[in-house]
């Protein structure tokens, strides 16, 4: 098992390195003067050629691409993620204030999705064909089709603007007021988890049905085991193996979704920061932000891979 | 198996040696046997017809501005009301179908071609080639698909072509992974060894043996991918990096409508319904195709 | 010799999208204490389905036990609900079953130890320590080396033959009165086959368990079974004592089967091996007359016109379902 984890870790590091290269290259593909990675377009137009040449030296743009990459990585590892072109603040600082908020909402959504998705899926599989299966399956099929941002608008229209039950968004730190915090989090979390709950319900249901038709379940019945034990001990653990894969994918999806949801609900998180930065051409933030998101995704995938080993002994003991 | 009593006790599959043509019929039969798959098929057929015949179906030209009728609520004249420039919402939704379809098929085609080729090469050649390609795909997957598409679309600018490019790149990893897994499992089979023993070259091997076997999975993933692309495109348009105005795009309409939701809710809400119906259609078709082509894919796809 | 299990007129049908499959269509058999019987027939003849029906392990849609009785210990098993308490307390404890595919019949995510002890804890009420000790004994008795350390192993770490032994150990752990072995040797190589069969016979003697061997391989039952039932297309076409069946086969199908099996002591050229012509029957829309008719070389006009013949006795426990006296024709 340890060997397996170490292998996964090394792979993770390699992947992260590749991500940094991709991000670096993507920035270099920008049309126009490479200086716009560091300063705004309007400044580029304003400054004299001498000033621009100075700046190029300052930002190391005269060096070869690999050198630039290495110094950039070096800076990041030292904690220097650059300075925001538009906001003037240290990028590292900006991210450190926004990231926890996104993780707050993201973690809640992830837990909600996992919990409800798996439970609904199991119930549907066990009550296959009965009305609850039909209803929940239909809802799940609809859940994966609804654009999260549209649902957000719909909910906001209903619950905030019309019924005035919930605030239109914003963020209240849980340390300030837990009640308020949760109240304003209801709609965003719902929107962020909608797709995942539906996808997990479908996948769990399908995995359970697949497992139930396996020979070893028939063996379990032939041993005289009772239904409850067969489900809890023999079926669910096997069914979780494919479900874990899907669960892992949700992390990336939730992050992606937070770009839109945070924008709509006015939540000061990473997602909104990235969206705004892309529009304001604040490439310093885009670079670092993408990297940070990738790190979180890779780490959570690692966690998923490791838990794979726990569920499936064939992976553990090769 | 071994020392059994003669060949006469073989499984009853003897009577079922099916020629290729009736395999196609079987797929059609199973597919249309599932109610939901039929519903999906009908929805998509409806979508395609709407897109093609938009000029004949839409009650008004989609870009006709009428400043006297801005933000009108749904009425007999305008079934879904009008937007902030007086344009008929229903017509814009109908024309929006074109945008959605073009982008969906364009991006999917691109990601299928790129992704399948990458996956095929990786699986076929194995070793270091496999490692490099797979790590590259992993790196792509480490960044959420929407973010990739968003960054690319922002960098390249909006417009249909760039959106297709951005979404195509975003979806590459899914197809690459799928193709790689399928190709790897086909590679295990003995008939690959025998083909090679017969001297079959690499390219022929790939396209004659591996691709046909991966085909069912490919079709299913591509179909569902169409839905995913439409959702992503809507997100991009909503944020303003998708299709440029005045071309009607469902996501863009939601973004416009968002501001005016209290005046004419249909403006923001109806495009979402359209999106849902289309994605639902693709998903149900995907499910149906999977069950018809190869139910064994149930666990994987 | 007391009759342990008496199955009469079992009918199990399956509703498929191509029609109604009459997998088992009127099967009757019995087994006594300390007896080994063989149920022989080709794939698809309904032998496995008969056993699964008795154990109530048939998935109820699309399958259904349409009629019949299976009297065990004074109770009709077929009257119980398949997921009910009564059936569950009989399965494993009184009647146990092992299956054809050892690869897929064991749960891949649970240890061998766990899969063994759970039976002991359930039916024999053992506590976990005693159960573990007993499990080690059981694994030893079926020839698993280093049983104690193997308790924490997973099925994928065992070979096919080992897995089958584990299954036998598990099946016998609670001393069932009957062990049903469904194609126990099909998925393993010849040597292992022989070992497994020897093992099973030993166990039957030791534990006083009766054994039903279901197989398509006559050779397997020849040596071990006392009585044999031959099945074809969902019915029993011949039954009798082992020696009678082999030395004096009456049904054309049985005759055909024996004609294509090499016999020990024969050399090449002594006798031609004659396969049975034709294909296995399609169990949907079966004709009313004898199902073996298309492949039978003894048939007469009567066989075409009359419905499938009933089993009738031809002496000393030997029954056959045929209109033709194949002895005469010889």
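In order of appearance the chains are A, B and C, and numbering begins at 1 in each one.
One rule holds in what follows: a contact is a pair of C-beta atoms (placed from the backbone, for glycine too) under 8 Å apart; a residue touches a chain by one contact, two chains touch by 3 or more.
This one's a predicted model, so the numbers in the text were calculated from it and none came from an experiment.
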Checklist entry - Looking at CA centres, what chain is most distant from chain A? => result C
Checklist outcome for this item: Min distance from chain CA centroid to global CA centroid: chain B
Next on the checklist: Suppose each chain is reduced to the average of its Cα coordinates; what separation in Å results between chain A and chain B?
Outcome noted: 22
Checklist outcome for this item: Chain centres from averaged Cα atoms put chain A and chain C apart, in whole Å, by 54
Checklist entry - Quick one: chain B and chain C, Cα centre-to-centre, how many Å? => result 49
Checklist entry - Tell me, which residues of chain A touch at least two other chains? => result none
Item to check | Sequence positions of chain B contacting 2 or more other chains | outcome: none
Checklist outcome for this item: chain A contacts chain C in the complex at 214-227, 229, 233-234, 237-238, 241, 311-314, 317
Checklist entry - Which of the residues in chain B end up touching chain A in this complex? => result 36, 135-136, 138-147, 150-152, 154-155, 227, 231, 234-235, 238-241, 251, 254, 257-258, 261-262, 265, 268-269, 271-272, 275-277, 279-280, 283-284, 298-300
Checklist entry - Within the complex, which stretch of chain C touches chain A? => result 55, 57, 83, 85, 88-93, 96-97, 99, 101, 104-110, 118-119, 122-123, 154, 156-157, 167, 170
Next on the checklist: If we count contacts the way the header does, which residues on chain A are in touch with chain B in the complex?
Outcome noted: 11, 14-16, 18-19, 21-22, 26, 29-31, 141-142, 144-147, 149-151, 153-154, 156-157, 161, 206-207, 210, 242, 252-253, 255-257, 259-260, 263-264, 274-275, 278-279, 286, 290, 293-294, 297-298, 301
